[in-house]
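The following pair of complexes shares a single chain, chain A, combined with chain B in the former and chain C in the latter.
== the complex of A and B ==
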């Protein structure tokens, strides 16, 4: 068994805080675990905190985008929080805009975003 | 004489295998350590490590494993970091196609090679069908 990233439940929000540089397999496991937890808990929101990540490459970027898409299909909105400025600049130059992923500067704002969209209904895309 | 025609000196070279998922993480760490040593800015460190991560994953998943050689380079008083990824895998039949944004022969996003080229200051790719692939990137301190 490989190590897994913990998923915390706070109210109807699932919180994932990536605390260290992940191997690709752990990234894939996380996506699977998260989808399962959304179904098991009926969570309406997911917050992924990447403030500890020193880089986001196309593999992790794709995971963030597909996690947001999968969550939406399962009835949960995803917000990615805490991206470092150097990571954001690098991602854009790499060619990944993460257009379908909602982002917020920090955890507090991310939770606020989710509350707002819950009140106003899901954001149309 | 332009700086690019001046000789490049190399030091602190380290070579490490890329034969498993964990080696991609190690490759990122090794490049980060030298990028700090070479005093690259935080943004340039991030760009180089991201490029290295893409290339290490390609070495593993398309090249069937290989090696990374990372070193400090100096040229005309400027310091940088060079990372070279080599494998003896199948090679890349159409390099221009492989360097096209969004093109992947597998299920990737097709941004590894093209993105690494944008993120690095220097980029070279040599590949011969059936004999393998070598990709190198350099980032210079400003």
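== the complex of A and C ==
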């Protein structure tokens, strides 16, 4: 039985805080749990906090993108928050840009972003 | 030492003609440097060097790698370093030593001292090469020190407004500098809680595909952190080059001046309104 990533509910936003390096099974579990919670709670937004991650590779990058896509299908916007500078630089060097995933500096900004996009539609880049 | 007699006679001649040789030597060196170095400095250098050379010849003979040449070497090191810093060429530096051959030639090749002269010439050649070596090393040190300074000097990140940071880039972007700029920019986004970054390229002399690639990387990295990035300071010629090269900046906002970019950022911040999270709870 592998560990599961906790999913917290704050109002109509779900908060996923990833505290350790993920393995394949945990990612599968997380996506399953998250989609179930979105349906159950009718949440309109998901915040994924990766401020504890020191290493983000293409695997985690793909995980973030697919999680965002799943949430969007279920009607919830996803914002990835708290990426560290070193992580951003590594991803750029790897040629990954996390296209299609919205990002914010920290949890506060992320929730603000979700709230804004709910009020007046997604902010165009 | 193969022939003690030769060496003794050589030393005798050098000691005897000491004043005369040094004077000629100073004149010869001063004339090649064409007044770019004060004669007094040349005189001081060579007046120290000549006796040191005599001492070395007396105790160490012709083995220039020997310890007895330590004094001569340290004097030459200092001389070459100074010349390198003052911008003299390696030839001019080496000539400070090699011109002693010209000075001694008439005096030493007149009689049967040709052999002694040739031996001395070999010593002076060695010392000349040594000065070139030191000269080159000093130049390298200067260049690497300057490169380091440039890297430090040219990458400031400034806070322009609440939530807006600016990076005025000066000079050509290479991968090493991009790395430093990116690191500083991303860290300051975090430290200042900035949601907008402006990369100003007014000071970048030319934008080719390489530089554009590095700019794009910086912008993409800032975006992944959750900040919007604007490129400003694009001069008309650079805009033309960018289009001619077919460089695509995609959906990245670009502005002509830093002022435009700042206005754009402030408009965006205003449009977003303050961060409200209370209502969600």
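Quick note on the criterion: the second predicted complex is superposed on the first by the 121 of 125 C-alpha atoms of A that agree within 3 Å, B and C clash if a C-alpha of one lies under 4 Å from a C-alpha of the other, contacts with A are read in each partner's own complex, and residues count from 1 in each chain.
The rule is short, and it goes like this: a contact is a pair of C-beta atoms (placed from the backbone, for glycine too) under 8 Å apart; a residue touches a chain by one contact, two chains touch by 3 or more.
Everything quoted here is computed from the prediction, not taken from an experiment.
Student: Could you tell me whether chain B and chain C fit or clash when both sit on chain A in the superposition?
Tutor: fit
Student: Going by the contact rule stated at the top, is it chain B or chain C that touches a larger number of residues on chain A?
Tutor: Chain A has more residues touched by C than by the other partner.
Student: In the superposed arrangement, which partner chain does A:9 touch: chain B (first), chain C (second), both, or neither?
Tutor: neither
Student: Rounded to the nearest 10 degrees, how wide is the angle at the Cα centre of chain A between the Cα centres of chain B and chain C?
Tutor: 50
Student: Is A:115 touching anything from chain B or chain C once the two structures are fitted on A? First, second, both or neither.
Tutor: Only chain C is touched by A:115; chain B is not.
Student: Just chain B (first), just chain C (second), both, or neither: which does A:25 touch?
Tutor: It touches chain B, and chain C stays clear.
Student: Output check: A:62 vs chain B and chain C. Expected answer is one of first, second, both, neither. What do you get?
Tutor: A:62 sits against chain B, while chain C stays out of touch.
Student: Who does A:89 touch here: chain B (first), chain C (second), both, or neither?
Tutor: A:89: touches chain B and chain C.
Student: Rounded to a whole Å, what is the shortest Cα gap between chain B and chain C in the overlaid structures?
Tutor: Minimum C-alpha separation, chain B to chain C, in the superposed model is 8 Å.
Student: I'd like to check the shared interface: which positions of chain A are touched by both chain B and chain C across the two complexes?
Tutor: Looking at chain A, the two contact sets intersect at 84-85, 89, 93.
Student: Considering only the defined contacts, which chain B positions touch chain A in the complex?
Tutor: 21-22, 24-25, 28-29, 32, 42-43, 45-47, 49-50, 53-54, 57, 101-102, 108-109, 111-112, 114-115, 118-119
Student: Would you pull the chain A residues touching chain B in the complex into a rising list?
Tutor: Chain A reaches chain B through residues 21-25, 54-59, 61-62, 84-87, 89-90, 93-96.
Student: Using the touch rule from the top, collect the residues of chain A that touch chain C in their complex.
Tutor: My answer: residues 10-13, 79-81, 83-85, 88-89, 91-93, 97-98, 103-106, 108-112, 115-116, 123, 125.
Student: Please name which positions on chain C make contact with chain A in the complex.
Tutor: Checking each residue of chain C against chain A gives 179, 182-183, 186-187, 189-190, 193-195, 217, 220-228, 251, 271-273, 275-277, 279-281.
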